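Chains: A, B, C and D, in written order; residue numbering restarts at 1 for each.
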Amino acid sequence: MSELDLGFMGEVANTPRGKGVLLCIQCGRCSSSCPVARLTSEHNPRRLMEMVIMGFKSEVLPHQLPWYCLSCFTCLDRCPQGGDVGEVMFALRNLAVRQGNIPAGVAGQAKALYETGRVINPVRTALDKRESLGLGKITADGLEEVQKILKKTGMEKIIQSK
Amino acid sequence: MVKNMKYAFFLGCLIPARELSYEVSVRKVLPELGIELVDMKGANCCAPFSIQSVDYASWLALAARDLCLAEEMGLDIMTLCNDCYESLLMVNTILKRNPELKEQVNQLLSEVGKEYKGKVDVKNLVDVLYGDVGVSKVKSAIKEPINGLKVGTQPGCHLTKPKRIHFELLRGFNDLDALVQATGAESIPYERKEMCCGGPLRDINDDLARQVSRQKLMALKDAEVQAVVTVCPFCFLQLDLGQLEIKRHFSEEFNLPVIHFIELLRMGMGMKLEDWEIKAHRIPITELLKNRL
Amino acid sequence: MGEEEPRIGVFICHCGVNIGGVVNVPEVVKYAKTLPNVAYSEDNIYTCSEAGLASIKEAVKKHSLNRVIVASCTPRTHEPLFRSACREAGLNHYLFEMANIREQCSWVHAHQHERATKKAKDIVRMAVARASWLTPLEEPELEIKDTSLVIGGGIAGMTAALTLANQGFKVYLVEKEPELGGNVRRLHMLYPTMQDTKELLEPAIKAVTTNKYIETLPSTMVADAKGYVGNFKVTLDKKGEKREIEVGTIIVACGAMNYTPPKGLYQYGVYPNIVTQLEMDELLRNGKIEKAPERVVMIQCVGARKGEIRALDLAGFPKSDTARLLAKILKAKKEEGWPYCSKICCMNAIKNAILVKDRFPETDVTILYGDVRVYKEYEDFYSMAREKQVKFVKHIEEVTPEITQGPEGKLTVMAYDALSGREMRLPCDWVVLSTPMIPHKEEVILARMLKIPISSDGFLMEAHVKLRPVDTQMDGIFLAGVASGPKDVPESIISAKAAAARAAILMANKKMRTEALTSVVDEEQCIGCGLCEEICSYGAHYLEEGKSHTIAALCRGCGACAAECPRRAITMQHFTDEQVLAQIKAGLTEEA
Amino acid sequence: MNGKAVLVVGGGISGIQASLDLASRGYKVYLVEKSPSIGGRMAQLDKTFPTMDCSMCILAPKMIDCSHHHNVQLLTYSEVKGVKGSPGNFVVTVLRKPKFVDETKCTGCGICADHCPIEVPNEFDEKLGMRKAIYMPFPQAVPRAMTVDKENCIECGLCQKMCQAGAVDLKQQPQETELNVGAIIVSIGFDLFDPAQIPTYGYGRYKNVLTALELERLLCASGPTGGHLIRPSDGKIPRKIAFIQCVGSRDRRFGTTYCSSICCKYSVKDAVLIREHEPNTTVSIFYIDLRAFGKGFQEFVNRAKSEYGVRFIRSSPGEIMEDPATKNLTIWYEDTVAGRIENAAFDLVVLCPALVPRTDAKELAKVLGAGVDDYGFFQASNILTNPVDTTVPGIFACGYCLGPKTGDIPDSIMQGSATAARVAEVLERE
């Protein structure tokens, strides 16, 4: 039995995308609508909200739980309380990242973003193909500004720490 | 009234890197319908969901920077990818409604000499075709109707959800179907149309991502459609490439061709696909469209 | 039998398909016509409809009927209607008889059409036999005194008193405590407006005490009550000083009390910082919680929604010793808890949670619930609490939360979170128990005195739980506030106003007629044994000069005295031996 | 009779109670009702908890009392169009819509309806049954007179020809009447939230998804199926039935954030009735919080569980899907206590929609100058101390038009009596 964190719900609720957790009445419309929850018992957005409310911080943040969400926003449409479960997931992932819990795929995209200004970059053959089709060049015109912004927001640090 | 048919064209990351055929078709078809596309020089990644998961402020600032570029161009944005669309649209909506947040974001942007003013709108390919061009004009542009083809459409989550954002803009769930019908093809209703393709779980839990796609494909198969029509390049990738992966992992074969909507429209307008474009589909479309290719 | 030959009209109702779908109604009509003294018979789709009633009136005139029988549903709901139709046709309404062929026939034999039809004929035959013996009766007219007694000076009692006084009726307002205000006095603030209770009470008390029509009698109990609707004689007792008043109506607003758990239940009374919501309210009001607690845990439904009271225990209402019986049940319930939902505890807990949060924003307030029953707009109050970061946790109620005390007096609640399936350890500084509102002893004594039955939950019973929620089975006595079950302030006020409205009807009319269905003592036969006085639950018999007499206004026509009388000196009007025996005989006779 | 008059708007149970209390107290009462008959929602119900009395059977005597009472004047098929004046002296304009039938002549025999060639869905039966263009909404209607529904009437004149009482008058004109009253009571009741607004539940698309009020009509012996519980798609007896709570209630998306207060309770009642009707039919109730407050309800829930085997599942389902071939329904839900996401097939699904203000509540409020609350219900002048006063002196409200003030029948009756008390307080003071 893990120790409950008294302030976890407040911590989540105080983030820009996490306020919805306070609206949750645990009705289960999100979980029964969630395409992932229907496939695996590991993911259950309703239970995740309950764990946040109760303060099971150590069971939520270091694990894969918030990363199962597809962000398909079905729950946002169906939540009768406007609890924005899918949005709260972003709040949880933001907090998880700050604890160092970031899946490799996401970390890779973030890194690419910082280094190139884009999360996906073309391979050599694609570049050649573009040229042969007369499509415009992919430039890095905005990169410098992107890096400045990411430094300012502190995301650069997160990227470098990985 | 003549609508402003000129857009700042936001390509995003995935399309220019991996789905050139989509880009080519858009560049061929839209001018024919009177849409002028102006490339956005210096645009950065929209900050999709993966980036939003890392940091909130970075998302707002990066998307706002793209919006600033469009403001400088004096044009509304048109996106192809649903991820780009939702990201830019949400930030645009949030910042327009929240002056305090706008102030904070502008503080970040001042670092790079930009200021978000909230003067442009964000649209998607479907919005532009449905709202600006109009179904009737699309229909009249069809020279070789795709008669007899039964398709299931995949508008993709972020074209329609959350409803409170999209419905306010009067952008509906059935816009894509109306456009598909205009090409002569038949849009068959199927269960779980609103369901996600599974793509966002790629690289996080590939197995689950495939299982979600599989559910979607099974529903499409049950409705006896001949092909899936997508708008979002991620949906396309997940459902097209995904079928090969499902075959590998579940030994289950759907053989359901996946087509970008713009390709359907292009063929209907009498512009044939080129060989490399046909081959860009991992599930072959040659059998299905043999008379048109 | 009356002087003229009986001419009976029999009206048989289809009740849509309720009866007509099972019983062959036309056949019963045909059969009825063959019975002795039946002059006319017909069927109606709905005899209770305006058309049906018009048809009865027409037939009475056209066929010179002097008895009317309607074979349809239950007299409980429909007899008054048909009786008034008879009256309008110029017939004494005691010459009307009802045969129930729905509840007692078509509904219970829905799949046996033929046998149901035969039974319907039997029932009609019995009614016809009885009807031949019916005699016209006159209903006594009673004077109604236009003064009222309101028992209980809480918010409901004060509201009822003011409502009557505002209409110009003299009201005696009796309160056992030295001050008015009742349960609300003990509260700090009222949900959902978070209004100070003083703002509610002070104007009300002032309005009551300055009203020239209201005589407020604090520190006073009702010692005895006699009489009947319109003419109650009540003895009041103010610390031994007795006084008798006469009133026309009585409104019982005697309130209820908060359940205090027995020592040891949820460690109540064992550890100091375990209190009820009411006690927490007082602590907050008096600023007794000085240091910000780290966490406050509230537990809902302590002693509520638990245990079973069998309705049988209270059925009947025997005169013998209701108070003792009830005391026994009350005691039993204290151990087991009360079976009902007390309705207001969820909002009360939320109110206190908000008060704690407002005072100590950093304090964690966790409410363990089974169901959050924040009905009506209180849902918004619940949302408000959640937005203030009060935590609501559905715990597995079957597992009683375990409360232990640590070294520095710190409490720990162990419970199961039903919705995450995890065991929770909740260290806390306070445990607050939400306990139900329960009936109190005075209520039981009053019930006995006023002869009002008690429902299975221990509260005073309404005349009809659905249709007559503030009336009692005793004419002229009404219920207001929580005496009939848990209510919050606005609900109590509404019920008090409703009770006042019902009482005002009687007093404004200044007189009323009562049932003629009463017992009559044949003084020649009576030996003055007093058995009837003893058996009567309503106090309708008294002995004078060695003979029993009936107070018609109190007699409910139950017939217990007639059955008990060793000399057969008591006759129940409208249920005479001749009438009943004729009916039974007809029942035992085979269909002709 | 003390010569003072009161207007009661809305002839449901609370309006009826207010009217009877006032009339018995000696006031002249004008009872205005929009539809052809008084009776309101209670008339539509099958049985009432906990006595399981047939709702109509206990209501009908009160309705008839109203029509017989020498102090009550019924103005059915009528609407309030204007109000002037002040407490003690209101002048009210009432529009009497033409019934095209002379109420004083009509005996309600129904021969006209037998011959009317036009059939339309009956609103009283929640459109599950049919009525004619000349009709009586239900057999126990008060006043017992026919009404011509001019929107659907083809003016063939058959009704006029068949009526032996000469009551049909197709040329009847609307009439405006002015009433002088001392006080006004509003008791116009509620409407149901349209469940089609929650598309994932398929109401309106799936034939076997019903509202609870539609179910009441199906269970009622005088309903469109004669009390046979059959499902609309194929007339078969449903063997698995589900109730879904909070359809539109407790929902911020539609502004209906309140709890409708009655759905949990009537669902348990309906479940028990169904089990008594069809012992081989199972019933599951999907709920969020089971709000069985009020006298006797918790005990009733316990009995429903133990004696009747009704299943209670703590869950608000995400969606319902229909099998196009069998029209059976699959509910996707999470048993939140077990933490399992499941789907289960049902033959019939009953949605319990939120109770919302009447569509014309705002208009009436405007005519009266009375305030409405955030939801559109009539606003009480002080929810604690004056719960049945509107914001206008001399105008009172009772029943569900005040919002879900616990809302069930006894509460509506208490409020009806309470408004009668308030009226007397105001009128006697002068």
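The rule we apply is simple: a contact is a pair of C-beta atoms (placed from the backbone, for glycine too) under 8 Å apart; a residue touches a chain by one contact, two chains touch by 3 or more.
Everything numeric here is computed off the predicted structure, so don't read it as measured data.
**Student:** Looking at every pair of chains, which two share the most C-beta contact pairs?
**Tutor:** C-D
**Student:** Select the chain whose centre, defined as the mean of its C-alpha atoms, is least distant from the mean of all protein C-alpha atoms.
**Tutor:** The chain sitting closest to the overall C-alpha centre is D.
**Student:** Could you tell me the distance, in whole angstrom, between the mean C-alpha positions of subunit A and subunit B?
**Tutor:** 21
**Student:** Could you please state the distance in Å, as a whole number, between where the Cα atoms of subunit B are centred and where those of subunit C are centred?
**Tutor:** Result: the chain centres lie 66 Å from each other.
**Student:** Distance between subunit A and subunit D based on Cα centroids, please, to the nearest Å.
**Tutor:** Roughly 48 Å separates the two chain centres.
**Student:** Just the number, please: Cα centre separation of subunit A and subunit C in whole Å.
**Tutor:** 58
**Student:** Among the residues of subunit A, pick out those that touch two or more other chains and give their numbers.
**Tutor:** 23, 25-26, 38, 46-47, 81
**Student:** So which stretches of subunit C touch two or more other chains?
**Tutor:** Only 372, 383, 394, 419-421 qualify.
**Student:** Check each residue of subunit B and list the ones that touch at least two other chains.
**Tutor:** Those would be 164.
**Student:** Quick one: which chain pairs are touching?
**Tutor:** A-B, A-C, A-D, C-D
**Student:** Given the complex with subunit A, which residues does subunit C contribute to the contact?
**Tutor:** 294-295, 364, 372, 383, 386-387, 389, 391-394, 417, 419-426
**Student:** How about subunit D: which of its residues touch subunit C in the complex?
**Tutor:** Listed in rising order, the residues are 21, 24-26, 48-51, 53-54, 57-58, 60-62, 64-65, 67-68, 107-109, 139-140, 142-144, 221-222, 226-227, 250, 257-259, 261, 289-299, 302, 314, 336-337, 339, 375, 383-385, 387-388, 403-407, 409-411, 413-418, 420-422, 424-425, 428-429.
**Student:** Would you tell me which residues of subunit D are touching subunit A in their complex?
**Tutor:** My answer: residues 200, 246, 250-253, 288-289, 314-319, 332-336, 339-341.
**Student:** Using the touch definition up top, name the residues of subunit B that touch subunit A in the complex.
**Tutor:** Spelled out, the residues of subunit B in touch with subunit A are 13-14, 16-18, 20, 23-24, 27, 39, 41-45, 47-58, 61-62, 65, 101, 108-109, 111-112, 114, 157-158, 161-164, 192, 194-196, 198, 200-205, 208, 211-212, 215, 276.
**Student:** Could you pull out which subunit A residues touch subunit B in their complex?
**Tutor:** Within the complex, subunit A touches subunit B at residues 15-17, 35-36, 38-40, 64, 67-74, 76-77, 86, 90, 93-94, 97, 102-106, 108-110, 113, 117-123, 126, 129-130, 133, 135-136, 138-139, 141-143, 145-146, 148-150, 152-155, 158.
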